[in-house]
Amino acid sequence: MKVIADLCVVPIGVGVSLGNYIAECEKILAKAGLKTRLHGYGTNIEGEWDAVMRAVKECHEKLHAMGAPRISSTLRLGTRVDRDQTIEDKIRSVREKL
Amino acid sequence: MKVIADLCVVPIGVGVSLGNYIAECEKILAKAGLKTRLHGYGTNIEGEWDAVMRAVKECHEKLHAMGAPRISSTLRLGTRVDRDQTIEDKIRSVREKL
Amino acid sequence: MKVIADLCVVPIGVGVSLGNYIAECEKILAKAGLKTRLHGYGTNIEGEWDAVMRAVKECHEKLHAMGAPRISSTLRLGTRVDRDQTIEDKIRSVREKL
Amino acid sequence: MKVIADLCVVPIGVGVSLGNYIAECEKILAKAGLKTRLHGYGTNIEGEWDAVMRAVKECHEKLHAMGAPRISSTLRLGTRVDRDQTIEDKIRSVREKL
């Protein structure tokens, strides 16, 4: 089952500058071979469900290892079985109607 | 790694009455032995990360099998390594300050 | 327009104990006369759209005034025009199918 | 108070093709003079809190007027008082660490 996800990770208890932590997550997602697209409030991720979820877990584990005592993430999870769709397809389906 | 999650599953393309689909998810979470707490806009889930995620995946698979062509879920994921905390602890820590 | 919302407020840069901040939000929501239901990862809120949104803004303002330099909240927003529905109705429509 | 938000609107009960509805929301956000950035699972929005929230409400009203009986949106809301930050700043603060 393929998923298009959107992940926003918020480490808690490490101050207000979170860029370092988010960058580590980006590296984990890239190393996992997942297609990603960073935006201003999270990251789009496209891939097989298990691979995406394994990478999300690795993000939490890594940030705790980096010293974050607490993490609160939000994840949007989109799956569909009627047809195949990519991140670019989703954006195009909106843009072509503007 | 333990997680306290909050899951809200929205099947798309099956009309406006979603109670049947949400009830199926509740059954899956219960059968997985996870602690859950249904509320008015989702379900709190407490358990080991892998068990929680396996159940969330099963919810998507089941709802597709029931005929939902498309699903959009949102998941909040809270982990902490500084101390153990349950759903009840979290609620109590707010209530005792009211 | 009535809304059933679910709010999860995460103040950033104030350490790992957030109960005090969440309790302040609960007080704001109650004082606004909104129906609420605290759970383990947020709070259900039922009311008129403008009243709910005014209270959510007041939560952010209050937490900044309490010293939180940064806040990241997540809000689920459910509206429907086909029929009236309460938080309790939503829970019941799932429970009666279990 | 300035906010950087991320909005994902899901109309329910209008089938599986949602591009038309999302495009209407994009038009509303643009007409409101807000800075936006469409991605694969929502839209970043930057602006004054009240202006952003007024536009989000207008999205719900418009989609109901277009025939959607039910809508479930998710909104991430980021505010900070320690310094000014734009959508581009947030993306850059991650990219420069990769």
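The letters A, B, C and D name the chains in turn, as written, and every chain counts its residues from 1.
To be clear about the criterion, a contact is a pair of C-beta atoms (placed from the backbone, for glycine too) under 8 Å apart; a residue touches a chain by one contact, two chains touch by 3 or more.
Everything numeric in this text was worked out from a predicted model, so none of it was measured.
> Is it true that over half of the residue numbers where chain A touches chain D are used by both copies, so same, or is it different?
same
> Tell me which of C-D and A-C has more C-beta pairs in contact.
C-D
> Can you give the whole-Å distance between the Cα centres of chain C and chain D?
Chain centroid spacing, chain C to chain D, equals 19 Å.
> Centroid from C-alpha atoms only, then distance chain A to chain D, rounded to Å. What do you get?
The separation of the two C-alpha centroids amounts to 18 Å.
> With chain centres defined as C-alpha means, what is the inter-centre distance between chain A and chain C in Å?
25
> Two or more other chains in contact with one residue: find those residues in chain A.
Counting only residues that touch two or more other chains, chain A contributes 8, 13, 16, 69-70, 72, 74, 76, 78, 80, 82.
> What part of chain B is in contact with chain A in the complex they form?
Chain B residues touching chain A: 1, 13, 49-50, 53, 56-57, 60-61, 64, 69-82.
> State the interface residues of chain C toward chain B in the complex, per the touch definition above.
Interface residues on the chain C side: 4-6, 8, 16-17, 19-20, 22-23, 26-27, 37-42, 44, 46, 74, 76, 78, 80, 82, 87-88, 90-91, 93-98.
> Give every residue of chain A touching chain C within the complex, in rising order.
It is residues 8, 10, 12-13, 15-16, 18, 69-70, 72, 74 of chain A that touch chain C.
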